[in-house]
Amino acid sequence: MDGPSSAPLFRMEGVSKRYGGVKALTNADLTVEAGHIHGVLGENGAGKSTLMKIMAGVVQPDEGRMTLDGNPVAFGNPAAANAAGIVCIFQELSLVPELSVADNICISNPPKRFGLIDQRAQRRIAEEALARAGGEDIHPLAPIKDLPLSRRQLVEIAKALVRKPRILILDEATSALTAADVRKVFSVLKRLRQEGLALLYISHRMAEIAELADECTVFRNGRNVGTFKSGTKSDTEIVELMIGREYSHVFPPKPAPQAATGTPALEVRNLSWNNRLKDISLTARAGEIVGLGGLDGQGQRELLLALFGVLRSTTGEILIDGKKCNLNCPNDAKQGSIGMALIPEDRKTEGLMLPMSVRDNLSMASLGRLSKGGLVDRAAETKAIDEMIGLLAIKTDGTAVPVGTLSGGNQQKIVIAKWLMTKPKVILLNDPTRGIDVGTKAEIYQLLRKLADQGAAILYYSTDYDELIGCCDRVLVLYDGAVGRVLSGDEITERALVSSALNIGAGQVGTGTSSMAGAGAAG
Amino acid sequence: MTNPLATLPVLRRLDPAVLTAFGCIVLLLLFGAMRNPNFLSPDYLLLQLQVGSFLAMVATGMMLVILLGQIDLSVPWIITVGGMMSTAAVGWGPWGATFAIPIGVLCGLVFGLVNGIGVAYLRVPSMIFTLGINAVAQGFMVLRTGGFAPQDMATESMHDLATGRLILGIPNPVWVWIAVGAVTVFLLRRTVFGRAIYAIGNRETAAYLSGIRTQRVVLAVFGISGALAAFAGALLAGYSTKAYQGMGDPYLLPSIAAVVLGGTSILGGRGTYLGTVAGVILITLLQSILSVEQIPEAYRQLIFGAVIVAMLLLYGRGAKVAA
Amino acid sequence: PEVVSGPSADPKCYVPWADSTKFFKFPKKEGPYRIALANGFIGNTWRIQMIKTAKAYAEQPEVKAKLKEFKVVSTGEDVAAQIAAVQNFIDSGYDAIVINAQNPTAFTPVIKRAKAKGVILVAFDNILDTEDAINVNVDQKGLGEYWGKWLVDNIPNGGKVLEVRGVAGTSVDTDRHNGIHEVLDASGKKWDVVEVVGKWDDGTAQKASADAIATQKHFDGITVQGGSTGTVRAFMDAKHPFVPVGGETENGFRKLCAAHAGEGLKCASGGTGPAQVAVAIKTAIAALEGEVVPQSVKLPLATTEDPNFKDGENFYSKEGDNFFVGNSFPTCGINFTAQEIMGQSEGNQ
Amino acid sequence: MTDQALTARHGGDWRYWFGEQRGTLLALAVFIAMFAIYTSNHPAGFSADVVTTAANKGVLLALVAMAQTFVVLTAGIDLSVGFIFILCNCLASHIVLGSAIQTTFGVIGVLAAGLACGALNGAIVIYGRLQPIVATIATGAAFYGIALLLREQPGGDVNEALADFLTNQFPGGIPASAVALLVVVLVIWIPFRKSMLGRVVYAVGSSESAAYMSGLHIRRAKFIAYALGGLLASIGGLFITFVTYTGEASLTNANTYTLNSIAAVVLGGVSLFGGRGSAIGAIFGALIFRTIGDLLFVFDLDPLWQPLFLGVVLLISVCLGSFRLIRIRNRLDLFG
């Protein structure tokens, strides 16, 4: 056996894991060095999260060995892995919704006085950790369930920091963060690297990997298909390694801007709600993809929910095809005459019924179309479902398996597919590509453009500026619940997006965010 | 994890839990037969099915409610409402006598809908709102009995429905059960409404955002549960030829136990009707066998508890990993 | 109170329980009185009938004249709530409290308090296990003996008997059960008793009886503590030949007995009418007026057996099944018929 | 971070505290209002005797509701609490007797029995992985069987000195039972709430998988919660023995206390989905529930109207929380 000095900090060899008929991992290897950031890449369902869960003690491998400091280890549960210094930020997060931020940050090892938890000390620790992770704006006593997803991710990062890990795993831990937040997190991660931690970083944002990783490992179909030093391969090479086939453009070409004639498919006049939406007016024509930009939490989510009939006592008007309509629930909004669809923010709680089958989830929004007199037409249903699975290349072991067993990205595809099945005319998207691999993202962009060409009007919120730049014909940048600026055509640049997101003049923006340029824009 | 809606061959669709539950039924019968061969006589078995069908009506409604992730604790007095109002209708002349059962069911439906309003629109936890409705229903029935001395005798045709054997020598309530069961299975598997029930039970937010009118579904399901409980009450009134105070008391816990013994998750979203059928038969048989065995009540209760735990350990165990 | 020697003021009504029963003489209080009825459970017909009888009795002119207030509270099954209600009545200065106790042994602290404050407690139906309060008592064991004797007399050679019991864990159930068995055992005949639990509930009794018939096939006699109508229905549904029955005093039971008397349904119907509440109130008033009353009053059983069932007299074929006939205690001047209390139909309200 | 920024943030603390305690505070307010109505209409007024009577009755349900709270916080439910309560009542009527030492051992024995019943529930639910609702229906039947074996008929006895001490008044007219309840809260609830154990129980109830993934020992904590539930139920069982001086294996009482404990817990703002609420809220919930019953006493209602009155008041009380719906602007919050 190697002496401890020459052994890598952590190594996995020949790890395999099956779920029923699905081989999530086959003979996978991974070596983690102290003082390195190791990027892990792979398309959706490649087995990345499964590998991380094995490292973190959540899942037990069917075969394979793991060594820590050269000594064989096996973790029966997350507590054991934590004890060995391995801390994981899971893709699905592991925050307890009813507990406060501080409680969550110190959840497994709170400071104690006389055997009881010392609330003050805990709060201090939480405040410090939040500050380090870039979440100063989060109140340590706020319950997690009141925080938006992006703040939760920051809390999760803060929680990992206080555990003083030797190995820190981040499984798409920044997927809901905007560029500004990501910057802060990155500086923390780089500092941790200097302190000698080993970091595993999973992301579908190629630019993030490029900036952070010292070396990368690519997984495909549960196998390790290559480990290399960062910078030795181009993004296109990496993506082709991931998806195993050739890969070209990310974004489809945009059509030439058209003259604003005729009634828009969607028109919003002076929409206000509860001090969170302030007098918003916008239009989206058939064939147009209208982006929503701005920092996270500036009212984008609320705007989409308001359009979809979820919010109460909104003021202002919503017109579809020039006709005023009064939407009081999603059911109203999805009716044929309106034809709206909303891809919600959080797939786990808002998009999917995780224990139900792929089939049930896919047809849930279209049951009205697929049924007569309340009876579901099974044949039509099967046909529509098979079509969608093909269209979005959803990786699943049949349509009867629970959606919860699919990988994160494939779950996200189910959410999109479920709404596309309704043949919507107005599509509202809340960060729909979060957690989706580069190859699939490109397919989704194509698909959106195709839907637009076929006459849909699309309202597209994304935390990723490159998507807004690459996909949208116009972008409305929201600030504090109101439309700050409207950018169209060539005006849509990173610089303009950032400056209007911060509500400052374009000239004042430095180059601080330029390293994020091209994030997601592989090739 | 078996999903009732999955497209799988019929056999694979059978939940192993449900199969085991039926296995337990056979075991129970064999055990009974060892002590007294009459436990296997057609007379006895048909009697169990007949008596079980009253519980089955209640358990059917309870199952739908449990699939939503809710619970209905108002069944005891809604049963009584059903029994007392249907017999009371008989006193309103020939018109009332003809529509006695529908009138009883209607009253149950009304109480059920109030449950639904409380749970779906006022968002009060069902476990407590239905408890309150139970108390209110009791209040009404005490008031009626004390204040108006309603007619409480069942009609001949109600008696026939509950005890007669019109077709193939099989007791009529068993046919009723088969009919209600068939409708329920159809409802759950084939209709949009059924899908909505499972969806809401799994995650109401996601169901709502999918454009399901979740509140109406919840309202309707509680309505159905109330109506079925009242129908059970009307059948019971026919069986006993009369309605009386407290006639629903012995049905609450057994109906919950039957549904859960049948493999339905109390958290909602998962369960099959066949399982509930097995659960009802199991509970009815167990109660009956314990009833005729000559052992003191204390030991009966002990055995009842132990057998249920043993059966659940056999097949009702949850997944190792909680969702 | 002062313990005195008998006889009581009204020896025909206040029959002492036993020769050794003490007699009480409370200091005379000036009327009119405040009397309370602390009932527990209310959700069955017996209790509803009892409360209506109590109200009706308190409304009778000569009684009403003596009462300033008559208050009824039903606290439900919980004995602690009933105890609290009695204590509240004591604290609020009621002169006498009439109780149908949820638990006969649980009132020791209350009895102490009542005694200290000079409040008269009168218990009936479920009486209090004490010598310090007045009990208006029905001989539960005697009722069991009555049923047992009926079977002994009507089944010539002994045989298999179905015994439908009441709610386990109550003294009423145990007393009645013991009464039945003592008589059967002493008869010298051979008895095989099959016990099932009917919980004094028609539906439960009917189901339990049906199961017993299906597995045992034949019985020679029945005794049922309550839910008698259900048990007889089960025998009819199973087409079991009619056999002698000892049962309660439900109107439904007596209707069946009268209708099928010719076919072998030989019934003894006995029980403890809800009108005993009126006796309890009467006793309370007498005690307040300073009259001598026994500590434990023995009430006659309301019994009728085959062939004495008479429509309109001791049962009512036109009325519902659920109320309890035998609602009068003539020796105490309490002559409500059950029909007066429970039988008014909706029409004539 | 500047001091100013810190103070600004600390300024918002009360809001979160209030958010967390809202259920408890609402229950407290409703209780005070109801109790005021009750005592102001009571012929004996707000006197020590009236309060003591109410306290003795209220504390019983409060203890059982606390027992239920421990289990409900884990997102479980215990339909056997009432049966443990009855079982301990029957046991206490046998063994809490005699000299001071014998009585002490008797009390310990009863508490141990309750703990054991709760632990059995916990073992079956957690290690057997059964759904709590039906597992506890089954164990409840078994506990009742044992209670019947212990007490075929109501009866038995208890150390009367101890019983009187705990059900009478302390100098100044303070009800001893209320003080005893306070002691239970201070000795059992507060340490639980503030310890790691409580933290894990709340976490498990809120999200079992998040708690597990965070490396918490979830099974141990759940097990202890069930066991503590049994312990609290046994304290209730002891107390009813002190109130009644006897034991009784009453099925209806067991069922009543079980169902009422659920009502009390909800009235007290404890979430049946787990992870939210406090035993203190449950205590006020229990007191509200009891006071609803007391209102019968002060309002002159026809006896046949009383059950309906109780039902309607209960229904209205549980709907009070629905007023928050009026303020909801985002319909998704309805489902949270």
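Which chain is which? They are A, B, C and D, in the order written, and residues in each are numbered from 1.
In this section, a residue touches a chain if its C-beta (ideal position, glycine included) is under 8 Å from a C-beta of that chain, and two chains touch if they have at least 3 such contacts.
This structure is a prediction, so every number in the text was calculated from the model and none was measured.
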* To do: By the contact definition above, name the pair with the higher C-beta contact count: B-C or B-D.
  => B-D
* Which whole number of Å gives the spacing of the CA centres of subunit C and subunit D? -> 36
* Where the centres are mean C-alpha positions, what is the separation of subunit B from subunit D, in Å? -> 30
* Asked: Where the CA atoms of subunit A average out and where those of subunit C average out, how many Å apart are those spots?
  -> 73
* Structure fact -> Multi-partner residues in subunit A (2 or more other chains touched) are 310, 329, 350
* To do: At least two other chains touched by the same residue of subunit D: list those residues.
  => 148, 152, 209, 212, 304, 306-307, 310, 331-332, 336
* Structure fact -> Note: subunit B residues in touch with at least two other chains are 138, 142, 146-147, 205, 208-209, 297-298, 300, 323
* Structure fact -> Listing every touching pair of chains gives A-B, A-D, B-C, B-D, C-D
* Asked: What residues of subunit D sit close enough to touch subunit A in their complex?
  -> 1, 5, 9, 12-13, 16-17, 19-20, 191, 194-196, 199, 202-203, 205-207, 209-217, 271, 275-276, 328-332, 336
* Residues of subunit B defined as touching subunit A within the complex -> 1, 3, 5-8, 190-193, 195-196, 198-199, 202-203, 205-213, 269-270, 323
* Note which residues of subunit A are touching subunit D in the complex, please. => 56, 58, 77-79, 81-83, 88, 90, 93-100, 103-104, 107-108, 110, 112, 115-117, 131, 136, 139, 141-143, 145, 159, 273-274, 302, 305, 310-313, 329, 350
* Can you name the residues of subunit C that touch subunit B in the complex? -> 42-45, 48, 51-52, 168-169, 194-197, 199, 201-204, 206-208, 210-212, 214-217, 229-230, 233, 237, 252, 320-322, 342-346, 349
* To do: Write out the stretch or stretches of subunit A touching subunit B in their complex.
  => 308, 310, 329-331, 333-334, 342, 344, 349-357, 359-360, 363-365, 367-368, 371, 374-376, 378, 382, 399-400, 402, 404, 418
